[in-house]
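Below, chain A partners chain B and then partners chain C, in two separate complexes.
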Partner chain A sequence: MASVIRPDPLAADGRWWRVAGRLYMAIGYLFLVLPIATMIVFSFQKGQFASIPGQGWTLQWYGKLFTDGTLLEALRNSLIVSPLAATGGCILGFLAAYALHRFRFRGQGAFSVLLVLPVLIPPLILGVAFLGLLSRIGLQGQLLSVILTHVVIVTAPAMAVIQLRLGQMPASLEEAAWDLGATDLQTLYKVVLPFTLPGIAGGWLLAFTFSFDEFIIAWFVSGFEQTLPVAVYAYIVGSVDPSLNAVGSIVFGLSVLSLIGVELLLFPILLSRYRSATS
Partner chain B sequence: MVASLASGALPGAVPEAGSGKVTSPMKVLGIGLPLLYSAAFFVAPLAFLIMLGFWLVEDFQVVPAFSLENYLDIAQHMFAKSNYALAIAQSLWVSLSTAFLAVLVCYPMVLAIVYLAPLSRHRLLLMLAVAPFWSSYVLRLFSWQILLANKGIINSGLAWAGLESFQVSLIYTQSATRIGLIHYLAPILIVILYVTVANIDRDLIQAARDLGATRWQAFRRVILPMSRTGLLVSASFAAIVSFGDVLAGALLGGGAGKSVLGSVPLFSNMIMSEYASSTNLPRTSALAMILVLVMILMLAAGAALADRNKIDAG
Partner chain C sequence: MNAISDIAPPQVDLELRGIAKSFGDFVALERVDLAIERGEFVAIMGPSGCGKTTLLRIVAGLESMSSGQLLLRGQDISALPVHKRSTRLVWQNFALFPHLNVRQNIAFGLTLRRHDKAKVKAKVDEIADLVQLGQFLDRRIGQLSGGQKQRVAIARALVTEPEILLLDEPLSALDAHLRIRMQSEMKRLQQRLGISFLYVTHNQSEAFSMADRVVVMNRGRIEQYGPPEEIYTQPKTHFVAEFVGSNNIFDGKVVDVEGGLIKVQCADAVISAAAGERPPGKGSTVSLVVQADKIGSKPAGTVAENSLNAVLSGREFTGSQVIYHLETAAGVEVKMVAQEPFSQTERTAINMAMQLYWSPGDTVVLRPGIVPGVENIPGGRSYVALGA
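After this line comes the complex of A and B, so read on.
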């Protein structure tokens, strides 16, 4: 801070601001990690009703999770739905982002608004609307219904990340390819796609996370083919079961992995303005 | 084609491959496929939702009709039996107060990150703040449930530490709903507000200080006015999300959580539980349309209010 260099006329009272601010920050971070820390710690705790002091350590809830199978099957369903939805969202997101980047066309603004709109409408509304239409055409109550509807809501985040990456591509790159005689498709395949790949991967992870965590749309359209959040919800409403902590810890483990992925892929894109294309 | 030729000729514009010939297949695919998908699976369901509100259920079958029955029935129950009006009021109260509190909690957090932490640490601090966002929302709410339960972790921990007289009874109240929502919103709000505050020119703050402004005055006259847009965007975002959310109200509010308005469910929870018990889709659609309408009114009122304040401040 600049005030460190110059003599600060109010340095004395400034110290208290600093102490108060740091304290506040610490409390804030404590609030943010509290439920996650709770989940991990109490997934290894014996008692059915979590309390302090603890009642000893155990792996029984993980064991129960694997013998019971309901939540595990829901996890499997989610691991089918979310990657496919993320892939669909990335394909649409890439196409739209590329079209917006490459071409000028009438209704360009309306086109991007239309694609971003699904994330601005409450998912509760979308859930009712999706079920309404899908049940008319006999597509409700399957994993496919969840995939089709999740694609709608994950396209926007995927597209946003891909657009960021495309915006970092120097125009000269494509021009050079055309000058050297590459066709449209060759340019796309050999120049644009490799350059955009980190953006696509980052967008995919973001889309996956959105879909993996989505509850209410899946609740409406999935029927008996529950995804993980829907099954977890049914479980919580029914009983208090520390197996949920075990699921939570596994899911958090998964998300730490994707977090590392995001750290490696997404943040460099968000934070760098113009990377050279040589990498 | 004329337009695309013209833009291709502009210096610095992205040139169109094959401009002057037929439209590029990439263009057709790039615009067409997303447009088609959006029309089929986004525009069509929403259009159908409007229609469905006028349809009816006869013998457990949804039948096409043009009837106001759903809406009239809901209107009748606005102040009786289901008491939709009270649920809508509860939703408005909880979502607006949540939005206010969430911004009130997150803004000082962001100020502390931006002005107290060295620039090299910002990335780590943001990553940490966003971390909860990557874990499951439903499971985080379950975690809050066992934390806040009457004999849960917080209360048993307080008793264990010899503080029996300090017991919290938050579970199944709308205060618990707010805690869950704020925890869900905080990572997103922190990012939005960070972008706003980090972009405020530090020289302006230094200038104010050099001219004799106290820290408080520099905050009040420079930092706060320049954070205005970010504060408004994050508050409206928080209000929209809270208004449409069902999970926090169901799991932490217990369906009909207590607040100053009494033990009334949120409107969103009412829609969900009504559908769960009746599976009457046309009626649910009508209720959903009312939720949309109330939300639009809420946003319009917010925008008008923000506009007026802007004039006052200017």
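After this line comes the complex of A and C, so read on.
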């Protein structure tokens, strides 16, 4: 009988284990969250060095960030690079995903491997290779070079998310559009794109976070147009300064925002099947 | 185009000429010829994998054919891409656009080309009233029930004024109760609009209740094409006799031909059948088909023209009729359908011996015949009805 209530194996004599399990989980979360919480707290603390008890609250490190400008400028660079790279990656990712979804062609397997290759190659090697190539064609040390290299590495994750959504589209949906008289192009923008849009948005956010976090390749190719991770690294090498805590807090805030975006857009897709067909 | 339209008679809506399709080594369709008259409701029926859906998709242009010709109202559409054909398909899973609401779904085909918004709105309103969707036009697709979705799918196709509507098992996703209601609704709609329907189904009662003519397909070939009554009472091939659920089939050898009757030695008894115009010769192998509702039963010992002793093995009460499953001494299964429990006084019990009888005139004779194209199918011995 399916309706028999299964007894909880831990209910009677397992209470102690349950408490232990919860404790273990709490420690795990603490380990994850504590450094971030500490960073945020000390970004508002007066002392030059982190110490307990604190020495009072201040916004001076955020102020210093704004007057000094290098980190802020790097943040601005990152906010130019990442959205553009994510957009480029999504356009390429969608086209590739659609080609793989719609057509059967020779070398299809090789093509899909080629698409994920940039993710599999260690970033260090990619960075060196990109630097060599870009300097040869006179493109090194610009924001454009960072954007181009980031497009290469974010296309695969963006495509993966878009493929997931495309895979949920029944073949009959496109056929129905053709049958009603739509050309291939009309079908693409009236049916396929609207259906895939949640996937594209999710893929965009994922690509954005990939690019926003990316350090190694950016460090090789960015030159003086540093992105945020590169600038933070340069800052640490120079001195230890609570301004870093302020930058970290800002970046953390941005990441949380984009993560919330990913969850709102991506999770509904992952958890739901195509529901318009048979109920 | 004009030269071709002289060949096909104008009252024919759709003509299929020698349509063949193979996927690699697998032959899905083997030279199918079919003509559908204007305003006709034609159902294609057959087991899964018989090629009926492939045939429908070829007509729609969603599948290419290996050879053959398609004529729609006299025009050769064989080479037209799907979006240029004036055929419309209704899918089993409805294939509605989930990002559009009901009105936008129905209007989809109209808004693809340059259009007058007011005209589109008027047309959508009109068709929505016809399929009783008037108050649902602003709903999202996800908010509709199965029956409503099916109506949207049909309205979306009909609003573009197709020359023929193709339906691929459109009711099989609905529950039984709704299916029966939609059947009569669909038939009414088709008669009112006067558009030809080509309807694919594996469901016999669906095909019989709606269609003017039924095509029975098996292994990529058409076995029989005719009105439902004819398919039911005069199956032309062994397959059709078997596929139409309520037939009994007895295999045997002809032992005698006399007085308009042929006598066939079957496993359990000698069965007589009307000989027809071209009776098979003595000694030839034939199959005899008797509908389950033509068989009656009487107390054991009575003598009748065709009688068969059998033992009751099961009884199915379906409301208006009772189906009796019996087995002869030789192990042949026999079905008998009675309009009411045939003996109120005598309780029918499992393993009860019964004597079955029926008239020789109700016995259809099938003799093994070679149907064109069958030779290539392994074990493809087929039976053709006599005098057909």
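What we mean here is this: the second predicted complex is superposed on the first by the 262 of 279 C-alpha atoms of A that agree within 3 Å, B and C clash if a C-alpha of one lies under 4 Å from a C-alpha of the other, contacts with A are read in each partner's own complex, and residues count from 1 in each chain.
Throughout what follows, contacts are C-beta pairs under 8 Å (C-beta built on N, C-alpha and C of every residue); 3 or more make two chains touch, one makes a residue touch a chain.
In this text, all values refer to a predicted model and were calculated from it rather than measured experimentally.
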Clash or fit, chain B versus chain C on superposed chain A: fit
Partner chain(s) touched by A:172 [first = chain B, second = chain C, both, neither]: second
First, second, both or neither for A:181, with chain B first and chain C second: second
Touching partner for A:154 - first (chain B), second (chain C), both, neither: neither
Contacts of A:207 with chain B and chain C, given as first, second, both or neither: neither
Larger contact residue set on chain A - chain B or chain C: B
Angle at the Cα centre of chain A, taken between the Cα centres of chain B and chain C once the superposition is applied, in steps of 10 degrees: 100
Touched partner set for A:195, first chain B, second chain C, both or neither: second
Contacts of A:111 with chain B and chain C, given as first, second, both or neither: first
Which of chain B and chain C A:90 touches, first, second, both or neither: neither
Lowest inter-chain C-alpha distance for chain C and chain B in the superposed arrangement, angstrom: 5
Those residues of chain A which chain B touches in one complex and chain C touches in the other: 175, 178, 183
Complex contact set, residues of chain A against chain B: 1-3, 6, 10, 13-14, 17-18, 21-22, 24-25, 28-29, 31-36, 38-39, 42, 49-53, 92-93, 95-96, 98-99, 101-106, 111, 114-115, 117-118, 120-126, 128-136, 148-149, 151-152, 155, 171, 174-175, 178, 183-185, 187-188, 209, 212-213, 215-216, 219-220, 228-229, 232-233, 236-237, 240, 244-245, 247-248, 251-252, 255-256, 258-259, 262-263, 267, 271
Residues of chain A touching chain C in the complex: 170, 172-173, 175-183, 186, 190-191, 194-195, 197, 274-279
Footprint of chain A on chain B - complex, ascending: 3-4, 7, 12-18, 24-27, 29-31, 33-35, 37-38, 41-46, 48-49, 52, 62, 105, 108-109, 111-113, 115-117, 123, 127-129, 131-132, 134-147, 149, 151-153, 156-157, 160, 183, 186-187, 202-203, 206, 209-210, 214-215, 240-241, 243-247, 250-251, 268, 271-272, 275, 281, 284-285, 288, 291-292, 295
Chain A-touching residues of chain C, taken from the complex the two chains share: 60-62, 81-84, 87-89, 91, 93-99, 108-109, 112-113, 141-142, 145-146, 149, 156-157, 160, 173
